[in-house]
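Quick heads-up: structures coming right below.
Look at the two complexes coming up: subunit A is in both, with subunit B in one and subunit C in the other.
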Partner chain A sequence: MKYPYFPGCSLRGLGRAYEESLLAVLHHLGVELQELEDWNCCGATAYMSVDETQAAVLASRNLARAERAGFSELLAPCSACYLVLNKLQHSIEQFPDIQQTVQRALAQANLNYRGSVRVRHPLDILLHEIGLDAIRERVVQPLRGLKVAPYYGCQIVRPYATFDDAHQPTTMDQLLATLGAEVVVWPLKTKCCGGTLTGTVPEAGLRLSYILLKEAQRRGAHVLATVCPLCHFNLDAYHAEIEHRWGPIPIPTVYFSQLMGLAFGLAPRQLGLHRNLVPFRFPSEPTVACP
Partner chain B sequence: MDYTPRQIMALVRADFKNEVLQSRTIWLCASCYACTVDCPREIRITDILYALKQRAIQEGVYPRHFPIPVLAREFAAMARRHGRITEAYLVLKLFTRTNWRALLRSWRIGLALIRTGRFRLRPERIQRLDELKAMLAATASHSSQSSFPPAKVT
Partner chain C sequence: MTPPQNHAPKAHRAEPRIGFYVCHCGSNIADTVDCAEIARYAASLPGVILARDYKYMCSDPGQELIQQDIREYQLDRIVVASCSPLLHEHTFRAALARAGLNPFYLQMVNIREHVSWVHKNREAATAKARDLARAAIQRVRHHQALQPIRVPIRAEALVLGGGIAGIHAALLLAEAGKRVILVERQPSIGGHMAQLDKTFPTLDCAACILTPKMSAVRAHPNITLWTYSEVIKVEGYVGNFTVTVRRKPRYINEALCVGCKQCVDACVFKDGKFPDEFNAGLSHRKPIYLPFPQATPQVVVIDPDRCLNLKTGKCKKTCVEACDRNAIVFDQQPEVHEVKVGTIIVATGYDLFDPTRLPQYGYGRYPNVFTTLEAERLVNSSGPTAGKVRLRDGRVPRSVGIILCVGSRDHRTHPWCSRTCCMHSMKLALLIREHAGAEVTIFHMDIRSAGKGYEEFYDRCLREGIQFIRGRVAEVTDWAMTAKEEGHLVVRVEDTLAGFVRRIPLDMIVLAVGMEPQRDARELRRILNISCSNEGWFLERHPKLGPVITFTDGIFLAGCCQGPKDIPDTVAQAGAAAAEALALMDRGYIEQEPNTAYIDPDHCCGCKSCLPLCPYSAIQLDETQGRAFINEALCKGCGACVAACPSGSIQQHLFEDEQVFAEIDGVLSYA
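Here is the complex of A and B:
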């Protein structure tokens, strides 16, 4: 299997470990990714706040280039990219004037978009294309005894619940259980981490991240599993600041793909685990300590 | 937060334009869409707040020293100029524009991110920048009016 791939800016920066681990586990499962040539920033939530027409045009270049390359699907692992590209696809289908504006802009670059690209998330591909059985076959080091809080965050299930439920998503729960982990019942799985508010208005943003960690701790979780580079940044890089404000919460946050890699027996370094600021260790034996 | 989200909606409906567009509340929406999927009347609250933010920027009445609109504008400028975002520079820009002390306080995180290879300082940019610029230029005449429906702000 081969999937067209839209990395997005974060996976080349703060979220490098997400790309490293995702590529490693997909390769292990026999899936290769083909990067969209000369992709550009999706615009995220920030551009949408400034000018929505430009935001739509910016994002549309990616879908148009994907279509021209003959791709019918585009894998977008970052939550913001996934939502923005999906939202554009919806807007183009729903609002003829947005479609017109986008087409007019694309024409300036000799591009065109017929609307044929389906934006997909890695969890969607893993569960609905590759399948849990194929994943189970690859597990050589089951994550037995590891209690994981599955953190979906906002933007992969809202406002468009394309492959999972908007209120009670379960795809990551099923995946983690397949790896042998114990999935903790944790009602905050789709609550907001604070997004960029952690940097702009820390009093508000950090509190949201703190609530996630605190509740995970109360529920006995050893680790949070995330799908989003921004959630990971908030929970990992601001961890020290959160502890400074509210006291110790010894819970690391890792990407779900990193846990997959560990269960597949891949090396922690290959999965980018050495990039975590809060080191991840198995509860009983400190075997996965980061170098 | 200077008004609650409900108050913002009521102010919009009652034509309190300045109060709404100058408020900090509209910028505190982190776009998590929780309200949008929960609203029993299917009001797209997140999109309404986006429309209000855009209008506040167009009319130049957003709270000037509030870091959130500053970040949004810097983000958009970098995306326009380079086609991609280099997070390290975006954060540096934000802090130098709004809060020097936050920059000084964050040196520990910055060093840790550099040590773990996450804070990349090589600026990212796309190859066909002309293509993107031509596309964005084509929107210039249309971007003054919002194409999404709601938000009655007159």
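Here is the complex of A and C:
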């Protein structure tokens, strides 16, 4: 299997560990990614909130290039990219004037977009294309005894719930359970991590991240699993600041793909685990060897 | 213009004298179509003696105009260009008849639904109306004098569904002396109303007002009650339906069982083990059970999926020993009955929205989230807790929240208002407070209390201290942020009157789940050959003027199968449906369109192609003459044989070749 792939800036920057681990586990599952050539910034949610049409134009170049390359799908692992590209798809279907503006802009770069590319998320591919059975077969070090709080964040299911429920998503739960982990019931699966507020209004932003960690701790989780580079950044990079304000909360945050890699028996370094600021370790009780 | 050569009128016919009328329909037509111009144009066509436009052709003066002209100008064909013939064909046919003309000399042109209501450009609309008028004028000259067909109507009725709607309709019909077969698919009649505790706005007990009617159904000599039964086939037409009913085996001889329940006590299952449907799953029953104390008929039923003997054949059959009337019949088979009835009343009710479709409200995840139907059973003194309102762990709730519009008024689930939830939630609020002493908060978008005494009931709730918070609840969670919230369910809601987001800790949540069509409504629709809306509610013929009749003559609607409504509206509708059915049955016959097919004996070669095509077995072969002929009494005018006849010797009244071709020529020739 081969999937067209849009890394976006995060997976080459703060979210490097996400790319490293995702590529490794997909490769392990026999799936290769083909990077879209000459891709550009998706615009993220920041641009969209300043000028929707311009943001649509910026994002559309990626889909237009994907279409020209003959791709019918495009894998976008970063939550912001996934949302922005989906929103573009939605806008050009719903709003003819946006579509016209986009087409006009694309024409100047000798491009054109018919709207045929389906934007997909790794969780969607893992569950609905590769399948849990194939994943289970690869598990050599089940994550037995590891209590994980599955954290989806806001962007992959809202407002476009394309492959999971908008309020109670379960795809990551199923995936983690397949890896042998114990999925803790926690009600904050899609609560806000603070997003960019951690940088602009830190009192508000940090508090939101703190709530997530605190509730995960109260529910007995050892680790938070995320799908989003920005969530990961808030929960990992600001961890010291959060503990400084509210006291110790020894909960690391890792990408779901890193946990997959561990269960597949891949080396932690190959999965970018060394990049975590809050180090991830298996809880001491289980028999699984410490990586 | 000259009529086309191929289909020229038969020589012996005198040139017709056509009158043409175009209706303004107030401004409905006249705003978009130049009616005066249509009349001018029509007057110029061959055969048209006079053409008029008039504001309301269907009014008395409008009809009078036609009658006068017929007499004065010896008109013998009439064309009316107005609305759909569905609406007024019979009006104008009657006018013709009053003037002494055969009513089938009329042709209507629909320039409202087909023209003015669907077009904006006046010029183009007028041109289209002109083409349609020309077609009708060319067609009408080929019309023939016909007699309507009279079909007798059977005086028996079938009522489908034994909720309050079906019960009320069946009793009315039976009281009027008609024989009624009431078919209910559950083991007892009663429907949802039987599960309710008290009813708004008067708080009279549902059982007290329903049970006497249930017993009356059982006792009435004119009613045959078939519970645990379903309709699997309906054939025929108004006045003469043949309905096939399948009676599921309940493994009990209904004639012998007296409902003493000794078998239930004796069952090898010492305690109830399986979710009790009547108590909305809040208690457990045995494989052999009486659905509820007032079940009608008072006959137990054995659940084949649970009974050890029926499932495995291995059981001590203590129930059989316990029954001194030998009423248990383990080898009972399903029975299939065919009944003939004149009318059918559909009263199959509603289903409730499945709240797990809105996971943010936590139903099924948090044990103390209930539905309003479950709450009805909790407050009911013969319910699973004997009327005590209890949490699942047995504690008494101190605070209860009722969330409205769960699966109603929401484009993600159902766009419609379920109409009874505001009222029954306020009713439950008062009852829960009375039974548990709990403080009750209702979360609403609006309180819809239109109805006699309903707004007053809302007032009463306000006065008596029920809390109302206006805002659509975002979620129910067990995520506690403060010590006060610990151990409670927290409702997160934007209080749109206070203007901020609130977190409200509560012990118990009740979801006012909306009504939705029965899950098998679409299958049933096909069996009955009636229409339903996109959502699955059965469709009435006219939302205002035909609220209980369907598009299929002889089939009527009552109660929630047509759309959400409360008991007063349900009963009113059931009465209306019974009255409509009675009106038909008491007249004893209906007049049908004489649109039957007939065979020209000179051309038929007896090839028999038409015989197997006729769904009504109306065609027979006369072996001696080697020709087919059609029994007019059986022909339904479907036209299958007409199209299939290789020699073209079958024709159909009202759709003769020359009529249809003249119409086509008319619409296609540019004048």
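One rule holds for everything that comes next: the second predicted complex is superposed on the first by the 284 of 291 C-alpha atoms of A that agree within 3 Å, B and C clash if a C-alpha of one lies under 4 Å from a C-alpha of the other, contacts with A are read in each partner's own complex, and residues count from 1 in each chain.
In the analysis below, a residue touches a chain if its C-beta (ideal position, glycine included) is under 8 Å from a C-beta of that chain, and two chains touch if they have at least 3 such contacts.
This one's a predicted model, so the numbers in the text were calculated from it and none came from an experiment.
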Of subunit B and subunit C, the partner touching more residues of subunit A is B
State whether A:His167 touches subunit B only (first), subunit C only (second), both chains, or neither. both
Task = Applying the touch criterion given at the start, work out whether A:Gly199 contacts subunit B, subunit C, both or neither, answering first, second, both or neither.
result = first
Once chain A of both complexes is superposed, is A:His232 in touch with subunit B (first), subunit C (second), both, or neither? neither
Next on the checklist: Between subunit B and subunit C, whom does A:Arg138 touch in the aligned arrangement: first, second, both, or neither?
Outcome noted: neither
- Could you tell me if A:Thr45 is touching subunit B, subunit C, both of them or neither one (first, second, both, neither)? first
Exercise. Does subunit B (first) or subunit C (second) touch A:Lys189, or do both, or does neither?
Worked result: neither
Would you check which partner chain A:His121 touches, where first means subunit B only, second means subunit C only, and both and neither mean what they say?
neither
Ask   = Does the superposition put A:Glu215 against subunit B (first), subunit C (second), both, or neither?
value = second
Footprint intersection on subunit A (subunit B / subunit C) at 167
Listed in rising order, the residues of subunit A that touch subunit B in the complex are 9-10, 12-17, 38-41, 43-54, 57-58, 60-61, 95, 97-98, 101, 104-109, 111, 154-155, 158-159, 161, 166-167, 190-192, 194-197, 199-202, 204-205, 237-238, 240-241, 274-277
Subunit B contacts subunit A in the complex at 27-28, 30-34, 36-37, 44, 46, 50-51, 53-54, 57, 67-69, 71-73, 75-76, 79-80, 83-88, 91, 94, 98, 102, 108-109, 112-113, 116-120, 124, 126-128, 131-132, 134-139, 142-143, 146-148
Residue positions on subunit A within touch of subunit C in the complex are 165, 167-168, 186-188, 211, 215
Counting only contacts in the complex, subunit C reaches subunit A at residues 358-360, 475, 477-479, 481
